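Below are structures written as structure tokens.
You will see subunit A twice below: alongside subunit B first, and alongside subunit C after that.
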Partner chain A sequence: MDTEKKNKLRTFIKSYLQEHGDAGELKDDDSLFISARLDSLAMITLISFLEQTFGVNFGDVDFDVELIDSVNEIELFLDGG
Partner chain B sequence: MNFNLSRAVYRHSIDNQGSLAVASDSRELTYGQFASGARAISACLRTSPSFVWRDGQPPRVGILASRSVEAALGVMGAAWAGATYVPIGPKLPEDRILTILSLCNLSALIVGPEGVKQMTDKVLSACPPLIIVPGAAQFQAKGLPGIKFHDAGQLPDALHEEPANVEGSSISYILFTSGTTGVPKGVAISAAAVANYVEAATAMLEMRPSDRTIELTELTFDVSVSNMFCTWEAGASLHVLPAVRVMSAVKFARQRHLTVWSSVPSLIDRLRQIKALTPGALPGIRLSVFMGEPLTESLVTAWMDATPNSVIVNQYGPTETTIANTICRISQPIPLTPGRDYCPLGKPWAGNELAIVNANGAFLPTGTTGELALSGVQLSSGYLNQPELNAARFPIIDGKRWYLSGDLAMQDSSGTFHLLGRIDNQVKVMGNRVELEEVDTHLRTVANTGIAAAVTWPIVDGIVQGLVGFVGAKQIDQLQIIAAMKDKLPAYMVPSRVLALENMPFNSNGKVDRNALRQLLQSGEI
Partner chain C sequence: MRVWRDNFAIETHQGVVGFAQTIFGRVFLLLLFSIAYSAATEAWKPSGVVFAAAAFAFLPRYRTVIIFVATLGVLAKDPFWYGMEAIDYVMKQERLTSLSGKYSAYVALVSFFVCSLATLELVRRNKTLYVARRPVITLIAAVAVMSVTAAYPILHGTPLVLLWAFITVFSAYIWFLAYSLVDQRSRDRSPHLFQLGTFHPFWGSSSVPYGKGATFLRKTLAKTSGDLAVTQLKGLKLVLWTVVLLWLRKLLVWVFEVKLKIPDVAALQAFHVTGQGYSILVGWTAVVWATASDTLVLAIAGHKAVAVARLAGFRLPRNTWRPLQSRTLAEFWNRYYYYFKELLVEFFFIPTFLRTFRNHPRLRMFFATFMAAGIGNAAFHFIRDIKFVATQGLWDSIVSYQSYVFYTFVLATGIGISQVRMNSGAKPSNAFHARLWSFLCVWTFVVCLHVFGDETRVYTLWQRLSFMASLIGVK
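This part shows the complex of A and B:
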């Protein structure tokens, strides 16, 4: 994933957090869902963003929360790791 | 007869002690180990001077844990001792935990690993004199007067500790549910009521020792009572997935070769939205039980595709009448309530009676819409310390005690009951009961205003996705209000958006017009 894409991803998550009253810092390794910082509705929004922006189809994925639990994990997942 | 909820586990611990009873990703217990852990907790509770019966009812034991092996052990240990268990959600804000502690006069508290961070100084000062908690020594070192701490993992086994004798009228559990006044109300359920449900459901659902059941429900919600006790009645195993991993449920069910699915419909809606619910995804599921919300046709279709080998049933019942009282088997063509896109409630099983009544409590004939009333052995003994509410909601009609559910319904000529709405402002958010007035009350306090109202929004395919709050003001600090609401209420009761509206719409009764507010959202004006 190139820097521009990763920035886009960070910006999306940060603005979602802010809209929902979380102005805290977001590190690339910070857990989003396992930590309960974001809920399942946020997950639906994030997945729809990933599908639209990066062209991934979640219907082909054996879905596990851990695949998308942090910015770094999302990067790894999108890069096919 | 002994109505103790632990008697099935006791029996299996002798006959099938090596069979799996409860498992999570981090811990597994056979029936032998489960019984051993439960009787150790039981012995610890029963030897405590605080473990005393009051007004003919057993001591109450709080369970600050959920969706873990430790939560299951806490429930089983309390049941083994003959106590009433009171689940307290480990994700609740401190304020809410303090309210519940103040309402129920506990004799002891059992804390799971997920509840430890909630043991703040304020909570500790409101706690009973016996606390079973991981890392007990650190708490003991605080030197709090009058409180004894024990570690569940270090309690000595109590081989001769048999399940206490429990009468049918003895309260097995108390669940707290949203109350219109802003304070949650405790619903007390007797051992005879649980026994009627568990025996009927285990037989109807043909639960068997080889079953592997999923647990996706918080302990504070009575679907968990069904999952736990039907599974253990059959000698089967319960597989627990923590809340933060709930969206991995399909993978979890497949990896663990689960055979029984049980959840609220809105969960499978969310799984469908992240595309985890693909056709044929769960071939191992033989039985799927839905309850807590209307089961829509489109969800049934998606679920039938995902679980080609599953029998699907829809159950219905308020917390006040013990988990569920009616059942509807779903097959092709999918049965639907006339004029609606969701499945019928079905018919009651033995021990339950349903009727439709008018506003004066008179019974209405078949085909007429009115309030759904329930009667029978599964009826709650009432709300904790609320005599007026009990008189209103549990009236005597024709010499028999009934519960007025607040659900609008009708019975068709085949005897099947159909849900048609609510007579009040109780809604379901992800299966959780919410009295909108309770949200309003806290919104008014937090926003420091006289007028505020919450509505369900958005609603997609008939399923409520969340709440939006409106405050009668020119300007508000939305984020500050949401943050303050989170400090007072469970997360599912906190609006995801709060909007300022200078001219709130009112209906002819002088109440805030929630439909008009929803229309504002619908039209995109706001």
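This part shows the complex of A and C:
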């Protein structure tokens, strides 16, 4: 994933967190869902964003929350890791 | 309100957090927690659960053994927490006097734990098995096959009682096993003994796993001494808040049931069916009070469990979190019963959302919500109350479920519309009148729906609709 795409992802997650009253720092390896920082409804918003922005088809994936639990894990997933 | 709340944010004061990390501070915190917990449970004696939580927090090397032994200890104290109605009914029906119902339940419990252990090991070794890829469908299919087998005259006598005992236990633990099966896919999955320790864990639960499964518990576990102190202080605050809610409920019971003599909704429904009169004011007061009482009971039970889990070091979100502040139905669903909503989202919403209507965003959101809050909700409660298949028969138990199915479908439609609106960018205003309007809309919907969500299965959907109509003056 190039820097521009990663920045786009970071910006999306940060703005979602801010909209929901979380102004805390976001590190690339911070857990989003398993740590309960974001809930499952936020997960749906993130999945929709990834589908629309990066063209991912989650229907083809054996989905697990760990795949998209942090910026780094999303990067790894999008890069096919 | 915010200033008032900030005054109680003791976990944000460095001095308090530092003190809670000293030996004296830990003993003091444990003592306070123990006193508050005994008040919250009205047991008025030191609880083994509190000491198990403390041992789990302070002896990290032995956590797997502690969680397993503590959960086993709580199970030994209350081995029939899921109810024995089905077993007792079938024993009477089969006229079995030589077999003890409790003995059957013990056999079923041991068999279930052995089967679970074997399944976990099987899934760990082979992740391509159907049960590994689709654990929830497999488990629901297992309940369905066993229930149909038990409901038809294939088995008789002791084998039938033993099958019903196993179905009862399996239905009570099904969602705990589902979470554990899902965890087998994790890179850092927990050992089997830890998994079994999360099956109706020692800190408390219903058929809904409070704290979800090992995956969530592992990740929410406090990593540093400072984190642990903050988590435990939050646990202490929560258990103290539970005592306040308990006393608030007692006060409200005294006001509504003792002083105002407001009958419960079941009694009013019986009055309605038998043609006895009651005023509309009494009817609405009864329904509003029943909704408020159920919310308080749910909050108290959830807070007690989450508080103990926090004492053990799990940074768990609350089960019920300021439901009165819900601005939309979707938000209400999130705030009212968090762990039930998470279960439905994880096992019904996400699989549906990922696989259906990808090119129709609104329909996709609505359908996935409907599958969770409607179909998933109905399936969960039918399985939880599987005793009705034993006591009423398979067909009658489905027919008597009509009112609850109506409840789940209306709820799902409401939440689905709310979800679609939120997803389309609709945001409620923060003005006072808008907040008041949201509160009235959300809670009017919830109170009205409460009439149909009663789980006793005594009255038909038509009788409940007729009762609801009587509340708005329609005869």
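Please note the rule applied: the second predicted complex is superposed on the first by the 81 of 81 C-alpha atoms of A that agree within 3 Å, B and C clash if a C-alpha of one lies under 4 Å from a C-alpha of the other, contacts with A are read in each partner's own complex, and residues count from 1 in each chain.
Simple rule for what comes next: a residue touches a chain if its C-beta (ideal position, glycine included) is under 8 Å from a C-beta of that chain, and two chains touch if they have at least 3 such contacts.
Keep in mind it's a predicted model, so treat the numbers as computed, not measured.
Shared-chain residue A:Gly21: touches subunit B; no touch with subunit C. When the two complexes are overlaid on their common chain A, residue A:Asp62 makes contact with subunit B and with subunit C alike. When the shared chain is aligned, subunit B and subunit C each come close enough to touch A:Ala36. Common to the subunit B and subunit C interfaces on subunit A are residues 34-36, 39-41, 43-44, 47, 57-59, 61-66.
Residue ranges on subunit B touching subunit A, taken from their complex, read 91, 243-248, 250-251, 270, 273-276, 278, 465-466, 478-479, 482-483, 486, 491, 496.
Residue ranges of subunit A in contact with subunit C, taken from their complex: 31, 34-36, 39-41, 43-45, 47-48, 51, 57-59, 61-66. If you check the complex, the residues on subunit C that touch subunit A are 133, 182, 185-187, 215-216, 219-220, 315-317, 330, 334, 341-342, 345-346, 349-351, 353-355, 358, 361, 365, 368, 419, 423. Here subunit A touches subunit B in the complex through residues 20-21, 23, 33-36, 39-41, 43-44, 47, 57-59, 61-66, going by the rule given at the top.
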